[in-house]
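Labels run A, B, C, D and E following the written order; every chain starts at residue 1.
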């Protein structure tokens, strides 16, 4: 109880801090220097309609790379952290409902398609690699929900993940030699503004990001999913193809 | 110029990530991932090295700007894209990180093998992320890299799969999460106000100018500060250091701290001076707090955690004082970072080799001497001893802080450093001396041994480099140190070879030194004591059969330090010599069997003393504007404090009362020749220091009165208490040790009078004490060695077995007690003259009666050892080793010469002193000295007394008696012949009645005082460390509380 | 009514609520939940700071181009995209932050699983062996 | 105006579900409420002209995180007692 | 420098001084013992008995020695006594009886006292006789305690006259009774007289020798010619001490008659006290010396400083 009182007092004080922030914060009327520059030059320099994507992939590409790295890190850590252990005693796995199975059979392809769309069009409309990746991963979840024993091939996921990450970095380094610097998207010509094949390397990078994020998130989920699998889980090779 | 094509800093990120992603293709168990890891970290290192080398060659280490390379990403200019910078600082820090990564990776090879390729990629990303933190110039990018590092760390913690590691990792994640919340708030607010995320543009945007900007800065600074684990909001960090695999902790301490530090370095210029103050204050609290709490810690790794946190606190202080430190800030910070990182990594790596974690268990290191050497090097580097970088850094830091009148801050720094020394040396003492029979040998395969060894070498190299670029130290001669290194390298040879080499070396040095000192009698005398003493000690070293591992390098280190004292051209060199001497003497004193606690207290007093001295020197330098030795003359900044501190520093070495408690034990447990070095020679270093300071201080200024008054009383009381305590000792060695305290008391008293005669006493005592104490130490030490006990009541009747020793001791004690006709009397005579002519009656009286008391213990010693009943077990014992007798008789010859011709010593010294104190000089006619008050003719006294003695003897012979030598037990003893010598050897508790009468004077008040102080400190530490409840939520609470408190404190301050 | 300030207020409140969970709940999972609430709060603040009243998303699609043209006509000056869209930078940052947050949450939860395995307890006070 | 009212309603909903998330005794309720906070947040992002963020939050914050929470809860429940 | 004549002449005069002093000493011993006896209503010895004892001891034929140091101990002792006589100017104004006082001042005399003590202690130490060792331990402890007020009183004198030279001090006291230190500095004199008791080995400070307890203390094992030498010294040494006191506190002696009177009176002081007071234990006597005499001595210096 004392602990709660102290916590309460502390949070009151913290609220005071925040209040001071609110008091002193002035809502901006105009875009600041940086944002104005992006608004002004983003379209022509990068060639992407979605400024957020332009920023995420090029201007602040290093951040994005870092973020992808973090997901990769998390997935890697989980892979040796939540190592699959043999659990003693077999437990029956509840069979999922008919409805769910049917729904997933219908929905999953669409979900994957949607994800792909989102990250391919990331430079034009809202959405992009993260969102698309996340959508793909949620499709995967649906699969997992319907059939807990169906093991998503972690090896394949890992390969796709590694390959996309490796290519991403490779393209980034190529930018040093072929364009203005690391992760410069102007390795390819800018193309026509507003079309699918525009914005230089940006869509490609975003696709790679999408793939990577998707596989990483999936990897993450499988790790958590795997820990509750009673034993090693058999993953027949023939099922591999269906999942991705 | 660095080739950007090959050594582009972005490659560190590119290669790192590419490699990490590529590792996904591998499966665990293969060798390839680890090869890739080593190759990648090696590539990182090469890139950093290329830049570092370029900056060093351009000589722009401390310069910002021009030479630094900017790396743009995405092909756009900042602030619109993220850019990286590779300047001198970045090159230095990334180099440090990458080497740590390379070696740390090698150290972790087997752990990583078990965990598979994923763990390897996490490791690579960790190192890459730290590089990123250093290089990026974008605050949000900084955040991203910090998160990368946090998560990677959280992942690596669990390489060790224990509940504690898991709990530590969880707490760490929670803390990192909370910190990142505030960091993000700071970033976004800074962006809202400054309109940019680029550090350089934000600096120009004047954030402190806006209210919201100030708040943004607060969040940024506090978040980065919390990354640096400020006390007390750092429980989580301690757990990580404690529970993570040692290899990971090593990297965290070595590289992680450096990276987090540099993040703050980058952010702070955005803010105003109040942020610097905040950082400095947080640093001071941390440095002091965590070192205080470290006192109670009894597990190695956690203690290292405390120490790491403390060192980072020191870095924060340095950072906070950027303005004051100016161009030297980076030098100082580099020194601290180097010492801390290299030493901490070594220590953690060592911890990983041990099975148990208690401090006592570190004694297992002794089973592999190389590990012990590494441990020692690391400990000395952390405390700030030469030749390590932290020594120079600490010197500069204190100098500049005190130059800027920030006395309290430097006092806090030194105080906290002292606390650190307290636990580090306790620990080191355990490692050196604790019983290690039952401990398992440290597990040190080559891949684990290599990293600490490389770091050890780097530590020394860095120290050398830091010294060579420091103004005032650039011309320092390293030849003696090279000689010591040579001795260390030939340590496997038998002792007599090394002994000969050492004697040759010292002799050569004397010959080389002499022309440089000619004409400077004062330094010549002390050089004589130090170096001739060295030769004599080494001469006696021939007695030793076997290898005597480690003795020669350390002994020579001490003598080198003493020689540096003599030769020092400025305060820095002087201090360097002083510390060098301390190191050497510490290791010599702790060689004895039971000397662990005594070596420890010696070290503590030495460290405390040298810190006091450092403080005093820095005040002197602050006033004079230079560190030349002349700065000691007429100090203008807080002169009273400055001189007092310097004197206290030297008084610790002269073991004057109040600061003496280390001496009896330390000297009492030392081996014969070491005892000689420590007492007859080493203590004189303190005297030399006192002389140096007092010459600078003079006696004119008003503040000198109280100082000299106190000093005089310290001297007088040391003399009295030293002598009285000596009378009650049962161990001959301890008796001599106490006697040294007393004798040094005379010297201090003489110096404190600041008069011609007083100084004459001091200097002639320095010489004669060297002579007769040399004899006593060597003989008694030799006997103790031979008999295997220093206890006098176990001896007796040795005159029959060791007549040469007896004669030497007899002469020595006659000299010591000042009984005419030997030269010791000269000092007594001058003392009377001094007391009366200077009117210092009360102190003088104390000194005089202590001279009388000296008689008690001297008689007791010679009687109980040489006279009385010969014990049965000693009937066949032989004369002490000839190698002891040779130096003894050389010293004896010197005493006899000086007794006949006291003017040989007193006259030139007097003439020299007339240069400083013209009044009251002794007039000399041949051997007759005359003062205003009296006269003394050493030669005549020798002849008269000799004549009377011979005449009496002749008269006795002329009686022509038949003399019959009788058996030992043939005495008048109630008509019985005692059968056992023990029964009739009256020796134990010889002065029981004296003790009964005045034993109250020898109550260990001083010891009790220091024990009390230590108890208070430990109690405080124990009380405060209970804030570390081990509960993750409490730590989260601490973090938020820290933020809130600092926020309101700072607003209140604004 | 300015959405930006409102978002800030909402964000701060969420942070406080989240901290309450973080600091007072003993259950490890609840602590992680608290943490994710805090995270959401921070993200809302970030987006709120980038928001400019009455402006549209920073996507230069056809619709926006038309409005640009219209605005340009009204003002009688050349069209300026910058006066119509909200600040895209915070949004980009939040994207990154959300993903990072997910990573942290996932890792925290993994810790929870492993801790629970060790002691069969979700109470944070069961893991206090390391202290002082 | 509609937007404003909507914003305030959403904000209040978000706050109340956040409180539910933090205080609820039942872990399932808690997790669902936390997911709901994210979902509301993503709607708020839309109001703040941030569709990209909205999508991400919806997919990741309310989607994936919630799923992970449930996985963990499941795992913990199965392997033994809990509170 | 008051050197005179050639070395052989000086030696001759030195021997003369020693002879005179020795006789005075022996006579005083005899007379003292007679007085002692009479006070306790005994007849006592003949006053020349010490001569007889001395001669007897010297003529005992056999000696038993315990070793070199045992052998040399008495020699040390005698050297010390003789040396003291020779370093003190015995008769004021007489260059002849200043002997070797040119080679050192009062400090020399003060410290040379220890030469004999040390030699004696060492010699008796080698005998292996525990009583000797006990006696020495007691003696040293007590003497050092007594030295403390003694040094204070000497210091007071040195300070008063601003010199260390004995003849200068005596010179300053010439011109009548009122110039004596006894009058000009009574506190120092009182201190010195109390301290004097401590070094005379008489009751109440005779626990060092402590007959009936530890046969005769340090010299227990000595006999025959050894004892003869010690007795010789015992005749010389107290006179040397008293004459030092006489010089410093009682105006010195202008001739041998004055010398004998003053020495006798001073000698009697310790005798009288000794007959009146019983024996102290060592720790008692140490404490006693550290109380009254010490306080008096400090007072004397304080007065000097004020005055």
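Heads up, the rule we're going with is that a residue touches a chain if its C-beta (ideal position, glycine included) is under 8 Å from a C-beta of that chain, and two chains touch if they have at least 3 such contacts.
Treat the numbers as computed from the prediction; the structure is a model and nothing was measured.
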Review point. Which chains make contact with subunit A and with subunit E at once?
Key: B
Exercise for review: Tell me, please, which chain's centre (mean of its C-alpha atoms) is farthest from the centre of subunit B?
Suggested key: D
Point to revise | Chain pair showing more contacts of the two, C-D and B-E | key: B-E
Review point. Where the centre means the average of the CA atoms, what chain is farthest from subunit C?
Key: E
Point to revise | Distance from subunit D to subunit A - Cα centre to Cα centre, in angstrom | key: 19
Review point. Just how far, in Å, is the C-alpha centre of subunit C from the one of subunit A?
Key: 16
Point to revise | subunit A and subunit B: spacing of chain centres that average the CA atoms, whole Å | key: 55
Check your understanding: From the C-alpha centre of subunit D to that of subunit E, how far is it in Å?
Key -> 106
Study note, to complete from the structure: Note: subunit E residues in touch with at least two other chains are none
Study note, to complete from the structure: Residues of subunit A that touch at least two other chains are 3, 7, 10, 14, 21, 25, 28, 32, 34-35, 38, 50, 52, 59-60, 63, 66-67, 70, 73-74, 77, 81, 126, 128, 130, 217, 220, 224, 227
Exercise for review: Please set out, as single numbers or ranges, the residues of subunit D touching at least two other chains.
Suggested key: 51-52, 56, 60, 64, 68, 72, 75
Revision key, fill the gap. The chain pairs that touch are A-B, A-C, A-D, B-C, B-E, C-D
**Study point:** Parts of subunit B lying in touch with subunit E, wherever the complex brings them together
**Key:** 797, 799-800, 803, 806, 810, 814, 817-820, 825, 828-829, 832-833, 835-836, 839, 841-842, 844-845, 848-849, 852-853, 855-856, 859-860, 862-863, 867-869, 928, 932-937, 940-941, 944-945, 947-949, 952-953, 956, 959, 961-966, 968-973, 981, 983-987, 990-991, 993-994, 996-998
Check your understanding: What residues on subunit D touch subunit C, complex-wise?
Key -> 3-4, 7-8, 11, 14-15, 18-19, 21-23, 27, 30-31, 34, 37-38, 41, 44-45, 47-53, 56-57, 60-61, 64-65, 68-69, 72-73, 75-76, 79-83
Study note, to complete from the structure: Interface with subunit B, subunit C side, in the complex: residues 15, 19, 22-24, 26, 28, 31, 35, 38-39, 42, 45-46, 49, 89-90, 93, 96-97, 100, 103-104, 107-108, 111-112, 114-115, 118-119, 124-125, 127-132
Check your understanding: In the complex formed with subunit A, which residues of subunit D make contact?
Key -> 51-52, 54-56, 59-60, 63-64, 67-68, 71-72, 74-75, 78
Check your understanding: If you look only at subunit B, which of its residues touch subunit A in the complex?
Key -> 8, 10-11, 13-14, 17-18, 20-25, 71-76, 79-82, 115-116, 118-119, 121-122, 125, 129, 132, 136, 138, 140-141, 144-145, 147-148, 151-152, 154-155, 158, 185, 189, 191-192, 195-197, 211-212, 214-215, 1033, 1037, 1040-1041, 1043-1044, 1047-1048, 1051
